[in-house]
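The next part holds the structures, each set out as C-alpha cells.
Below are two complexes that have chain A in common, paired first with chain B and then with chain C.
On to the complex of A and B.
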C-alpha cells in the first residue's frame, strides 16, 4: 500500500497546439518531507498538477500519484490527496460552516483538531460567506480544509501568492508545525525563494516541461558560483565560457555566474587574459534566478533565433 | 532540571550560507564566547524551528552537525546540551583550518593597506576582549 514515491511520471508529455507544456518529463518525488517545485512561468508546473490530480489527460506518457494512475483516481484515492490552488477557489455563495460540514461528511479521516488549529490563525467566522473573506482568510480556510482531510499528500500551487506578511507566516507555520502534516508529504510550488529556503527539504527545478535539477536547496546553491574577473578589453567569447549562466560587465569588470565550476575556472579566466580573479558563493535566490534566466525568453534571444 | 537556555539568534534568507549553516555558526560563536556554557540546554528542534520560522529538518541538520563536532551532546530523552569542552579536532585538522582562516582574513585585509603591526595589535585586542568572559 505504501509506495516509495508519491509522484512518478514516465516520459509525461502534454502538448497545447504547437507548444509543449511537458516534454517527456521523468519525475520521481519520494514520500515524506516538503518538496518545492520552481520554474519560470510556463515551465509546466500547473499543467503537471492538473494531470496528477486527474483534471487533465496527458498527450503521452504516464503519471502516477500515491501509486495510482492519475487518470483513474477513485473518490477514495482523492480523499488521500489534499489540494490548495493559488486562487483558493471555493463556492463564494456558501457560508464557511456549510463548506466545512460538506468536507466533514466527505472525508472519513476528518481531523477536527487540525481544522481548528489551522483556522485559529485567521479571523474567519462560521456564518461568513466565502465571497466575503479576504484572500488571506480564504487561503487559511482552504489550507485548514485540506489539512483536516488528513491527506497523505498535500499539493499546493502557489499557496501564498498575494498574502500579506502575517497571513503568509501563519500559513507557513500551519504547514511546518501542525501535527496534521506529520505524516504528510507536501509538494509546493512557489516563486518565492525566501520562502523555499525556510520551508523546503527538496528543491525540484522544472524548465520548459523538463526536470532540470532535484536535490536539497543548499546542494543546488553550492553548484552555482559568482566570479569577478578584471579582463582588459574584450572577455572570452561567452559561448566558450564553461557552465555560463549569466554574464554582466559592470564598471569594466566581468561578472560570471557559472554552474558546476571549480578552481579550474580561475585558470580559464586567467588564460582569457584576466589580471585578477575572485569568486564567491551565492544565495539560493541568486542561484535559482541565474539558472532560470539562462533559458528565459527574451526579445533579443527570440530575434537571434528568428 | 536545567531550563532551556534562550537561543538569541537571527537567521537571514538570501544569504550565501544555507540556514542550517547559519545556525551552526551562531551556536559555535555563542559557545566560544561563553554566552552558552557547558550544561546549558538548547531549545528543542521544533521550538527553534518555530522561533526562526524554518523547517524543523533544517534545525535538526544543524544540531546533528554540532553534535558530530562535539559542541553539543544529547542526553537520552532529555534533549541537547552544550558539551563540556574537549579538543574536537585533530591537531592536523586544527592547523589546516587555522591556515585557511588566516588566508581568508589576509585576503580581506590586505587591500585595506594597514601596516601589519597595527593589524596584529588590533587582532590581539579583540582576543583579549573575548578572554575574560571565557574564563568567567
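On to the complex of A and C.
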C-alpha cells in the first residue's frame, strides 16, 4: 500500500528540559522527488529524523513514515527506508566487501548495479578496511550501500558535512546521476545551499522546531528580495520596515532583505526619504540565510525580549 | 544475523586470542606449582571475580561502542529484528569468552587428567563450565549497563551478587548461574531496542526488568545500613569496636574467657553446687568446642571447603579425594607417579566425600575417619546416629567430642589413639536450642561428668538469630543432663538496627534468603530459631508498606503507564514496600508534558 505522503507529522513536539526541539510540527512530505530540509543548528532536524525512525519518542503529537506510526516500525519497514548520517558510522574493523556482503544478504531488494554505479565514483578497494577509508570514500560507500538497498525513502542527514570540495562534488554526482533515486523519495538535510540548489525539488525550512516554509526553492527565492536604497541620514525605524529579514548599511546605502514585498516596498522606501531605490533577486543561499538569521538568537534580541 | 556474528568475532578475535594465551601462561605456571583442582574456596572466588570482570569489560566495551546515537541507529536501522541483532552480538561475545576463558581451562584440565596423576573429576569440568557462565553473566551485566537507562542499568548486578552469595552446590550452583544467565539475557534483549531511553512495554518485559530492579533497591537499602555502620565504627561507639564490650552483652559473649563465661553464667544459678563450680571454673581448664566445621563437603560440589588431600609423610604419598570414584587417589611426592587408591577400611568407596581436618582425622557429613599410617588404612572411628550431621568437633579433657545438629557426643579420646574400631559415645548431651544459633560451647570437666555452657548469640544482632541467651547444662556420666543456669544476654544493638534488612520489605527479605539458600543441599546453613519479630518492627514495616502504596498511587498518576500497569505497580508497592516504590520511581519517570510557557508562536507558512 502506497501513501501520498512519506512523512506526516501532526503537532509533533519534543521537549528537552526547558527547550522544545520540535514545537507542534505539522509536516507533510509528498512521495517522490528530492526534498531538502534546512534549518539552523538546533532547528530540530536531527530530532525529527530520530523520531521518524523510532529512535526517540515524541513528547506529544504523532509521526508517520511511509504510512506507519514511527514508534512501531517493523524490520520490513526499516528495509524500505535508507538512512545516511553525517558521521557515516560503519564498523571500522570490517572490510568493504564484508560490509557489502552483509547488506546484500540483509536487504531483499538489493540493487547490485546501483551499488557498483555509485561506488564507481570512488577509489574504494574491496579488501580495504572501513577504518582505512577517507571520510569522502566512507561517505560514498555509505551512499552506495543506502541506494543499493532499494529504499522507497532515503534520508540523508547532512551527508557531506566535513567533506572537501572534491568529495562533496563526487557525493552529489553519485546521488544525482544514480538510477536508484528514480523510484525513491529523498529527504536531504544540509546546511550547504549550493547543494540544495543543485539537488532539491522542494525546500522545507525548519526553525526552532517549527515549519517555517515549504515550496520549490525558486518559489522561496521569489519571496525574498534585496532592495538598495540611498537614504540620506537615518533610515526608517527597522521595526516599521515590512517583512524585514536583514538590514545592512554599506557605503552610505541601505540594504534591505525583505520577505513577501512587491513594488509597494519601493514606495515605502521613497516615503521614508530614499532618493533612489533599486531591487534585485537573491540567491537561495542569501535568501535562506536571511530568513534564518531573522530569528536567530542574539544578545540584542534577548534584551528586546526581556 | 550470521554476518553480524562473524563480524563481531573478527572484531575481537585478537583480544580473545590474547586472553587465551595469557590464561594459558598463568594457569600453566600455577598448575606447575600447585594442584589447581584442590584449592580452597577463596582461590576459586578470585578466579571467578577475574572472569566476571573480563566479561564485564567486554560487555561495556563492545556494546558501549554501539551506544552512541548515530552508531546505534546504524546498527538497528536494518531489516532485522532487534532481538536477532542482539543475539548475533551477544552470541559473538559469549563465543569470544568461550575462546578466551573456557578453552584454556579445558586445555589445562585435559593436561592434568592425561599427563599427571592428579585427580580431575566431573565436578572440575562443571567448575570450568561455571567459570564460563560467570564470565558471560559479567558480560551481559556490562551490556545491560550500557543499554539501559542510567537510573536502572546497575540492577543487572543483582545476579552477580546472587552468584556470590548463593549457597548452592554442585549442579545446584550451575542451575543458579544458568538461571542468572537466562534472566540477564532476557534483560538485555528487552533493553535492546531502538529507543533506549524509554521503559520496556508490556507486562512480561516490565517484570523482567522490575524484579531485579526491586531486589537491587532492597540491596541498596542494605548497603545504606552498611555505610552507616562504617560511620558508626569510625565514630567509635559501635558495640563491636568499643574498648570494653557492653556488660552481659552479645559482644562480651564472644570475647570472654571460658572461665569468666562460666562464672557469669552460674551467677544466677540456684543449684547448691554453683558456688563450687564458680570457684572451680577460675582454676580449671575450659575447652572450647564450637564453632567447628560448620559444613561438610557435598558430593560433586564445584569448589572445596579446603583442599581434599592429605600427605602420608612416611611413604611420601599425597592422597587426594575423588568425588567420581569416592576413593582417595594417591601419587608419589617424590616422582609424582600414581601409587593407587585408598578406600574406606581398605577398598570400599566412601559413602560421602571426606575432608581431611588434620591429626590424621577425616570427616564426612556424619562420620569421623582416622588414617592409620602404619596399616595404610582409613577407618571409620566415630559415627553420629540416624544420619545426624557433624557440625563441629574438638577435644574436652581426654575425650573427643563431636557436635551434632541435635546433641554433643563424647568419645573416649584414648581409645581413638589406641584402637582401630568404631567407637561408641560414652555420653550424649542434647543441645538445648538450635545448633545454628550457637555462638560457642565451652566445657568444664567435673568429677562425675561435664559442665557445658551453650551461648546462643550467633546471629542475634540481626533478624535471623534467636533471642540471645546462655544456658549451662550439667551432664552426668550416667547420661543424664540438667540445666543448672540460664541467663538472658543483653542486646548490643537497638531493634531498628537489628531489623534494618527486614522492615524495608519483609517479603523481599524472605525472597533473598530463599534465593541464597536455593539448591544448597548439604551446604545449607545450620538450622536456627529466629526470635519473633517485635511488635514495633511489625508496625514499622506495615507503615512503610502503606506509605509505599500511597507513594505509588501518587507516582503512577504522573507517569504514562496504562491503567493495568498502574494497578500492578500499586499492588507491588503495597506488598514489596519501599524497594518497589524506589524501583517504580527509577523505572518510570514523570510523563513528559509541554507546559504553556514553552509553547512558542504558530508556524508562519
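To be clear about the criterion, the second predicted complex is superposed on the first by the 303 of 306 C-alpha atoms of A that agree within 3 Å, B and C clash if a C-alpha of one lies under 4 Å from a C-alpha of the other, contacts with A are read in each partner's own complex, and residues count from 1 in each chain.
Criterion: a contact is a pair of C-beta atoms (placed from the backbone, for glycine too) under 8 Å apart; a residue touches a chain by one contact, two chains touch by 3 or more.
This structure is a prediction, so every number in the text was calculated from the model and none was measured.
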Overlay on chain A: chain C relative to chain B, clash or fit: fit
First (chain B), second (chain C), both or neither touched by A:244: neither
Which superposed partner A:285 touches (first chain B, second chain C, both, neither): first
Touching partner for A:193 - first (chain B), second (chain C), both, neither: first
Touching partner for A:161 - first (chain B), second (chain C), both, neither: neither
Chain A as apex of chain B and chain C, Cα-centre angle in degrees (nearest 10): 160
First, second, both or neither for A:228, with chain B first and chain C second: neither
Chain B versus chain C as contact partner of A:173, first or second or both or neither: first
Residue contacts on chain A - larger count, chain B or chain C: C
Least C-alpha distance (whole Å) that remains between chain C and chain B when both complexes are overlaid: 22
Chain B and chain C contact sites that coincide on chain A, given as residue numbers: none
Residues of chain A touching chain B in the complex: 33-34, 169, 172-173, 176-177, 193-194, 197-201, 217-218, 221, 280-285
Residue numbers on chain C that touch chain A, as the complex places them: 3-4, 7, 10-11, 68-74, 76-81, 194-195, 197-198, 592-594, 598-605
Contact set on chain B toward chain A in their complex: 13-21, 46, 49-50, 53-58
Residue ranges of chain A touching chain C (in the complex, touch as defined): 13, 15, 18-20, 23-26, 50, 53-57, 59-60, 71, 73, 75-76, 78-79, 81, 83, 85-87, 89-91, 93-94, 98, 101-102, 105-108, 205, 208, 210-215
